[in-house]
Amino acid sequence: MTVKFGLLGAGRIGKVHAKAITSNPDARLVAVADAVQSAAEDIAARYGCEVRTIDEIERAVDIDAVVICTPTDTHSDLIERFARAGKAIFCEKPIDLDLGRVKACLKVVKETGATLMVGFNRRFDPHFVAVRAAIDEGKIGKVEMVQITSRDPGAPPVSYIRSSGGILRDMTIHDFDMARFLLGEEPDTVFATASVLVDPEIGEAGDHDSVSVVLTTPSGKHCSISNSRRATYGYDQRIEVHGSKGAVAAENQRPVSIEIATSAGYTRPPLHDFFMTRYTEAYAAEIAAFIAALAGGKPASPSGEDGLRALALAEAAYLSLREGRAVKVAEVLG
Amino acid sequence: MTVKFGLLGAGRIGKVHAKAITSNPDARLVAVADAVQSAAEDIAARYGCEVRTIDEIERAVDIDAVVICTPTDTHSDLIERFARAGKAIFCEKPIDLDLGRVKACLKVVKETGATLMVGFNRRFDPHFVAVRAAIDEGKIGKVEMVQITSRDPGAPPVSYIRSSGGILRDMTIHDFDMARFLLGEEPDTVFATASVLVDPEIGEAGDHDSVSVVLTTPSGKHCSISNSRRATYGYDQRIEVHGSKGAVAAENQRPVSIEIATSAGYTRPPLHDFFMTRYTEAYAAEIAAFIAALAGGKPASPSGEDGLRALALAEAAYLSLREGRAVKVAEVLG
Amino acid sequence: MTVKFGLLGAGRIGKVHAKAITSNPDARLVAVADAVQSAAEDIAARYGCEVRTIDEIERAVDIDAVVICTPTDTHSDLIERFARAGKAIFCEKPIDLDLGRVKACLKVVKETGATLMVGFNRRFDPHFVAVRAAIDEGKIGKVEMVQITSRDPGAPPVSYIRSSGGILRDMTIHDFDMARFLLGEEPDTVFATASVLVDPEIGEAGDHDSVSVVLTTPSGKHCSISNSRRATYGYDQRIEVHGSKGAVAAENQRPVSIEIATSAGYTRPPLHDFFMTRYTEAYAAEIAAFIAALAGGKPASPSGEDGLRALALAEAAYLSLREGRAVKVAEVLG
Amino acid sequence: MTVKFGLLGAGRIGKVHAKAITSNPDARLVAVADAVQSAAEDIAARYGCEVRTIDEIERAVDIDAVVICTPTDTHSDLIERFARAGKAIFCEKPIDLDLGRVKACLKVVKETGATLMVGFNRRFDPHFVAVRAAIDEGKIGKVEMVQITSRDPGAPPVSYIRSSGGILRDMTIHDFDMARFLLGEEPDTVFATASVLVDPEIGEAGDHDSVSVVLTTPSGKHCSISNSRRATYGYDQRIEVHGSKGAVAAENQRPVSIEIATSAGYTRPPLHDFFMTRYTEAYAAEIAAFIAALAGGKPASPSGEDGLRALALAEAAYLSLREGRAVKVAEVLG
């Protein structure tokens, strides 16, 4: 079976997914739509697909599934439209920045019975997959404490930050999802602290650039998250999971692994400097997983519910920031 | 100049200090006292010093300085006695488990003008010293975020735990001191969470075995501390400090650094399994620093004030635990 | 400009090159030929090209270049045919197992002015490329000593070994090329020793499975090569280069870089277990370099001469084995 | 039982052994002798022993054992004298630079039944001990190939080099001993190549500064040794041993293990810059082993025979250098 795709959004991440779809032997990219005609045409030319409008893709009988890479504020509307149109949906995170809107959207998905997968790409990183596999195989016993370090090489433009929903909804949300992926138990309390250490303009825009979060679960597991919009040495992405029998850690990744030794010491090159080079394999693997889920009739994961729960952790974290206390997730999730 | 020492307490840590004193060319161990006569005699025989009572050491004209390694509940009394007796004092941490008692004790020290140094040995670990030196040399720019991982190979006996003052005063206190050593700014708020994951008996004794703490400073710096009474792979002692220009990290230490490669993968041996083997060099260096301070007439560091402030962070952390909120250090320190 | 390719040989390595060609935006795979029709058809179906005979490809006006992945004993004949047919040629190593035959073949290449590139893929491995770049940038000063460790996960079938030309021509030849790539000066003497430690059947087939070689250059540089047909922990591929100012080393590569810590120690997974997974990027990069050379009208490198010189080192090494002495390369190269 | 020591030679290495003896609870340093009176007096003052002449130590009834740290050309005479005087002998390597003289000296040792241990300190390095233990425990199966990298931070003064016996007898000899320690089988052939890459003055003094050696054993095991008098990044001391089931390697050692990450990459400090800091533990452990051998009446190891065999490998290597061929050890050992 070949899954026939429509791609909504031909920007940076759209290109990544176009490549993933066209490299997959079980998929075909049929059409691409974008408000910017030339962007759509570039992808069409490169990968040999058609340029269509979103309306055309919605009505197309030769399209089974869509990949939504449009701006965040269009995600929930598009999910609802394509769910009703009977298409399988892969949507970039987040579903929406508003928790209520996400709930409403997922209600439609549920009613239509549509397949929805949310783009938490890091679950497909081979190193993090191996961490999870080590846990599942019992190598470290029962999970107790998780530490996630996630530091961006640099801050995005302030214009981006203004519409991002804030660092907790934009950046930490990946770590919230990773925490859920690794803890094996839903976190029920969130404590967060955040400050502006990197760039005062970020503060002026009402956001933060440095975040520390502690999640806890009903059974007493902890997860610490450390975020910054600055990492001069590259894209710092590490996780470690401590269990009753041991620990497992995923190290950082760099483009080349050489070491130069001189009188100044031993030097290895900086890490990847961009999420797209760091997570190249993860992006390909997540689309492959979506295709496999469709082909196998299995549930697509991470699901809309996963998208909802990660956002709820961000909401709880914002409440914690405001009130300086540990917040129960139930307070925001209802 | 040779500093002449009296050693109070001939237990495990007393032996470590006896060795450090007698290996130092600028020091001489004159006498040792212990409630257990045979313990004192062992040290006396091994290092060629006398066995005396605490009273005798207090009155001795041939003793310049004492090292206090007696049980915690005797520390503050002994500090006051020897401060009044005009001796320089090195005291194992903590000065006392009660913040008020510590304040009263330090008042006496101040009045007498006595030299008091508190045994936060980790400040003298060569690797952590190198981390601090890298910061001081400006290698990483302005310090922003600190991560401290400190996990014991195993829990102490529950009998010890009962009189330890709790994990935050007994174990985390080292990390509180390390945080102050590295942040370069006093933390003013503490958030702590703790649970019992390792051993239910620890919980029954009213203590915890797993701790996550976030400290923040007035300028917005963060320090995350992760503690556990369990680390099957050895004594896990890591710090990393992130600054505006980069980061510096101290790795774990192991007795031998070999690697065995087989079809099962690449395996390095476990870490040191005990704080005394892990911090061998640190113990020798801290006594050397005390001697150097006495010889040079310079202030001994870490001071009694450092002991007080680390304990205050522990107090604030306990208040945070109880109330589920970020606590201002000023609330406990007054 | 798009380079139009004919692929000769649809076996294991042919498939790798088919993928590299079809993933390259500046190339197109027009046709594939293989004595085994079904193998050619598989590639044709997967990548949308035609199945043709070698004769048809030789005469085809819609083909600019060929990639020769047929059995070794056909290489030199095919190079000559396609050189005369005016095609650019990429040929898997070796050109031939016989030094005289290689010389004769290169004479034809020279006369026809054909472009010939030889498949020493490791020159295109990003890690080794970075090693070479560090040298070229002067990071380690003048190159003095090179150490190459190259150990296969396991021995090939004895049937393969019988027609391989021997370990020095089949396996060590990659290291001879790497030595030339890194030394920056032609080795002029070779000392080799070899034994059978892995599998007696290899010895019965007249070959060895364990090799140590020392190359020296006129100015006194050394290169040590260590080879084995056995590495239980995966495909062991390391180089280190020592120069007047420092050293640069390329570490081993593994599919995932996690580490599991338990009471048994710290364990990382085995290395890649196969040259195709280890050198995936190198294979794609070498075809890209061939295409770029054709597009840019620049010399293709490594050249036929590089193929010749690596084989000459193997010849000299065999003479050294037989006579137990350091052999001048000139003795075999003439 | 306490072993009572006389120390012959109060130079650099004499001081190291004085410290090792006086730190050992089962030993006592009774006397020290040195042609330079002030050097002997320094040690006497620091460690509370007497200054005596060599003659006095030879006749002393209160001395059980001597440690010979005098210049190389006095070693064999002193060994013979003290063997005849009934003292146990620890002698720094080498016994002599002349193979014939060593044989004659060992004959005297044998006749007198004296205990003789030779100072190949690296056998006592905890990391190399752990490598050997891994082999002995069967972790890597049967040993097949050994690689030894030994590079000095810098060349000694040419004046030293002139009387050193040449790099193979002075520096490589440690690696020859390590090869024997690890191979588990006597090497029977030696191939060596050497050049002058570091300092032309070393060449003018008739010596080399860069060496590559391949040893082989009757069963076909290989050992490659790579030496240089230059390593800008510190004292480079690595071994790796490959066996039928896997490999074991000992990594380099550095004074502090921190890592600094900046936009320039990840940098660890240089290695130890001196053999005495690198091998501090090894020097203490070798004296402890000597004392334990005396106390337990067991053979002291490495023995005089070990000293002889390492020197024979150096002799064979020089013959290989001169004649450009693999040399049988039997040719020089007789």
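Worth a mention:
Note that the chains take the letters A, B, C and D in the order they are written out, and that residue 1 is the start of every chain.
In this text, a residue touches a chain if its C-beta (ideal position, glycine included) is under 8 Å from a C-beta of that chain, and two chains touch if they have at least 3 such contacts.
Here the structure is a predicted model, which is why all the values come from computation and not from measurement.
The set of chains touching chain C and also touching chain D is given as A, B. The interface with the greater count of contacting C-beta pairs, when A-C is set against A-D, is A-C.
In terms of their C-alpha centroids, the spacing between chain A and chain C amounts to 40 Å.
In this assembly, the C-alpha centroid of chain A lies 57 Å from the C-alpha centroid of chain D.
Along chain B, residues 232-233, 245-247, 261-263, 269 each make contact with two or more other chains. Note for the complex: chain B touches chain A at residues 144-145, 147, 149, 151, 189, 191, 193, 195-198, 210, 212, 214, 216, 220-222, 224, 226, 228, 230-233, 242, 244-247, 324-326.
Those residues of chain A that touch chain C in the complex are listed here as 23, 25, 46, 126-127, 129-131, 134, 139-140, 245-251, 253, 255-263, 269.
Only residues 232-233, 261-270 of chain A touch chain D when the two sit together in their complex.
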